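The next part holds the structures, each set out as structure tokens.
Paired with chain B in one complex and with chain C in the other, chain A is shared by the two complexes that follow.
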Partner chain A sequence: MRTLGSWLAEHSIAIVSPLVLLAAWEWSSGRGVLREAFFPRPSTVAVHLAALAADGTLWSHLTTTLIRIGCAFALAAVLGVVLGLAMGLWRGLREGLDPVLAVIYPIPSILFLPLVGFLVPPGEIALIVTTAVTSFFLIAFTTTHGVRQIDRVVLEAALHYGARGWRLFTAVLLPGSLPSIFTGLRLGLGFALIVVVAVEIVSSSRGLGALLWLSWQILKVEDMYATFFVIALVGAVLYYGLASLQRRLLPWVQDAADR
Partner chain B sequence: MSVVLPAVLLLLWEIASRLALVPPRYFPAPTTIGWVLVDRLATGDLGAALLVTLARLGLAFVLAAVPGVLLGLLMGIARPVRAALEPYVAFVFPVPKIALLPFLLIILGVGEPAFVLTGAASAFFQIVISTQAGVRTMDPRLLEVGRNYGAHGSRLFWKVILPAALPAIFTGLRLGLGLALIALIAVEFIAAKSGLGHLVYRHWQMLSTPEMYAAFALVGALGLAVTRGLRALQARVLGWQEESF
Partner chain C sequence: MLDDLPGRLYTARTALTRMSSRLPKVVVNDVSVSFESHGRSVLALDRISLQAHAGEFLCIVGPSGSGKSTLLRVLAGLLRQSAGEVRIEADHPGSPLTAMVFQEHALLPWRTVRDNVTFGLENRGVGRSEREARAREMLAMVGLTRFAAHYPHQLSGGMKQRVGIARALANDPEVLLMDEPLAALDAQTRTIMQEELLRIWATLGKTVVYVTHSLEEALLLGDRIVLLSARPGRVSRIYRVELGRPRGLEVRAAPAYGALLETIWAQLREEVVRAMADDRGSSADGSGA
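What follows is the complex of A and B.
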């Protein structure tokens, strides 16, 4: 067991460095070294953040964004894993879809907004579907990859022991591809956040992206910083929370995304 | 790669659009889009927009790659530097970089520097993280062998550390370029008045759908060229390295 003291000693620079930066920022913005109109003092931003939180504005935008991410992610995860497994198992489907996905996947999801708007009712549903697009492809890709990298020996052993159909799927294919699937889900969730902010900037009056853009348009710079801080916090929680969840659930896996 | 399924899909779309089974106003026939693409690419706004986007992408990539690789190497080698900077990189890395756009817009004004820097920021953090991970996860035996053979300082860096980290650096650059493209297209869609992203937005607003799809397809081709091209380059230059996906 490490003591608190040794932990502090090891991470001292990592703790001190942001504090020093905040202090320097506070000082130079107060003295006019930095223009306060562009770089408001951290303490002022904190006051604005507290005010946004107190009158409920922040919570309503935050929950809107989180619900959108949740719906888009659920949609992308279910469809992506199903398609990915199917592509991993059936060679014909994989080779047929490969060129289609290769062209569609690198297109930034924000561009799907007009297209999705033609297909489904515009508004909330179009927004969620657009947010799901890139995550969906990403999850489908990593799942396919996961099925395909299962050791041939394991697969053949299972076949020799008489595993077929559903049994083969639940006992071998799914567990074997789980690490890849999880990595895909994690990256997909990150992309959902990126896209939802962009889509909210373009087409919504609610959500954190909309709040950020509105604050810029009416030059409420302190609110901009406060909103950015909340977006960054959501990103950090999603990213590092899922990474630690993956380490806990699948401790034997060396993460492909960390390499 | 098989071309049968894509060809069948395009054919079905063509027929459905020609027979008005789907509204042709929203889903024009692929041949119509193809014709617009060819026509506008050579002489019209499509070619010009492509050049604008490419110029922004190139500039953003260079602005991200040079400091990104240098900082990543420094963070990988020097422990205090890593400890001091890691909190910022870790905090900003998962943030959608499009959220930086309003800050750059008020500080730099509405214009190219703000647009390009948003794209550069998107690539920069990916490149830093991949590079420093490449240095830190290199086989320690390589370092020891290098030291035992008398390599120190700059010699150790050039002969051992840099070659060992090169695959990770290249992966970082490749992912970074893709992220920069995503961010730039979003910036063009949202704020810029030129480039392929803006073209999609404008033709969407005017409901000139063939032009919209043509610009859309061009972005897809650009994305494909960027991702596949760099991957092929990586396979050729760093042939000894296996990559998962």
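What follows is the complex of A and C.
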């Protein structure tokens, strides 16, 4: 068990650098180097953030966004891992789908919103499906790669020692691709956050994206920054949360996500 | 008294081996292997015939490209021969015919040392308590009891290879196959592992087929040495190593050791030179090297 002190010492740069940035901002905004109407001081933003939290506005929007990310990510993760594993295992499927995915993947996810609206009921479901699209492709890609990069020698040894069929899958192919799958999940979760905020901006009156956009439109700049900050915090918590989950679940991976 | 235990075990084993020494454990009969490479068929092994007797430590040496590993993979069932037959006598029903120790240890990185050792048993449906007992026994034999819960990446190269050996032995195979298991280790570790191997072999009396590129290693470990020729691999000659048992590093000082080393090296050298000439011939078509 590491003590809090040694943890702080180890991560001092990561802790100090944002603080320095905030201090610089506070100073330049207070001195008029930055226009306070557009760049309010962080301390002012903090007051507004507290107010948003106190009257419940923040929590309801935050909960909405988190539920959407949760649903979209679960959808993307389950379908992405299943398709990725299938593509990793069956060459025909891989070769057939690769070009299709390569074409679809770089399309900005937000553009799928109208298309998705034709396929599923518009509204909440369309929003979640659109959010899931890019994450799904990412997760499918990295999972396929995970299966492909399993060491041939290790695979041969596993076959030699009698692993076949379902057992070969659960004891060798799946654990062997887990490090890549986790990388895909982390990237996919990050993309889910980016896309959900974008989709909320264009198509919803609820959620952090909607709150941010509304604050901007009525020139409540401080609220906009407060929402900004919350979105960033959600991103960081999700990213590091999944990284620490990976360390816990995959203890055999060296330096998992440490660097 | 205890110091003499390996020696006495050896004597008992020798007596057993004498009785069964004419019993072939592994019979390789006219085995050929060819590969498809760039649309052409390349002969890797050409009508190999050899036998390993029960309890024998058989070493296979040869220049690189002579198909040593290919032969081992055929014995392991990882590769099918194009012609000829391989027969391995099964004395214990239920045991696998072979278990291989791979050159690059080939441990499953996501399994602990203990779970790597029990992997083959799990696949064969051996019960948990028996698996664990077997793992304990094997890890004690290779001196890794304290590392049972470690993951492979936490171990040194020598320790990983010990796990590889324990994994193979845990399956109690009829024949132990070893594919240059010590080649990747540093010189000191290799020397220690060679002595360990001799001790383990003397204790268990397994039939071993051992591929190495080191003549010194073959002379230290082997009862007989099969010398393969350069591509395609053929049995060039088979040497009997009359250096007594139990054998240790001191054997290197024996005159017979030097003489045999000299003899085999002269032949091996010829094969290596021919292999190099072949490589030049095939790679320098027209460029006139």
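To be clear about the criterion, the second predicted complex is superposed on the first by the 217 of 259 C-alpha atoms of A that agree within 3 Å, B and C clash if a C-alpha of one lies under 4 Å from a C-alpha of the other, contacts with A are read in each partner's own complex, and residues count from 1 in each chain.
Going forward, a residue touches a chain if its C-beta (ideal position, glycine included) is under 8 Å from a C-beta of that chain, and two chains touch if they have at least 3 such contacts.
It should be emphasised that the depicted structure is a prediction, and the values quoted were computed from it without experimental measurement.
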Is A:156 contacted by the first partner chain B, the second partner chain C, both or neither? second
- request: Please work out whether A:177 is in contact with chain B alone, chain C alone, both, or neither, and reply first, second, both or neither.
  value: neither
Touching A:216, do we find chain B (first), chain C (second), both, or neither? first
**Message:** By the touch definition at the top of the document, which applies to A:17: first (chain B), second (chain C), both, or neither?
**Reply:** first
Discussion item. Quick one: is A:224 in contact with chain B, with chain C, with both, or with neither? Answer first, second, both or neither.
Written reply: first
- Query: In the superposed arrangement, which partner chain does A:100 touch: chain B (first), chain C (second), both, or neither?
  - Reply: first
Across chain A, the partner (chain B or chain C) reaching more residues is B
Output check: A:235 vs chain B and chain C. Expected answer is one of first, second, both, neither. What do you get? first
Residues on chain A touched by both chain B and chain C none
So, in the complex, the side of chain B touching chain A is made of residues 1-6, 9, 26-27, 80, 83-88, 90-100, 102-103, 105-107, 133, 137, 168, 171, 178, 181-182, 185-186, 189-190, 197, 200-201, 204, 212, 216, 219-224, 226-228, 244-245
Seen from chain A, its contact residues with chain B in the complex are 11, 13-14, 17-18, 38, 95-100, 102-108, 110-111, 113-115, 118, 141-142, 145, 149, 190, 193-195, 197-198, 201-202, 209, 212-213, 215-216, 219, 221, 224, 228, 231-232, 235-236, 238-240, 256, 258-259
Counting only contacts in the complex, chain A reaches chain C at residues 151, 153-154, 156-164, 167, 171-172, 175-176, 178, 250-252, 254
Contacts from chain C onto chain A in the complex sit at residues 76-78, 96, 99-100, 102, 104, 106-111, 119-120, 122-124, 151-153, 167, 171
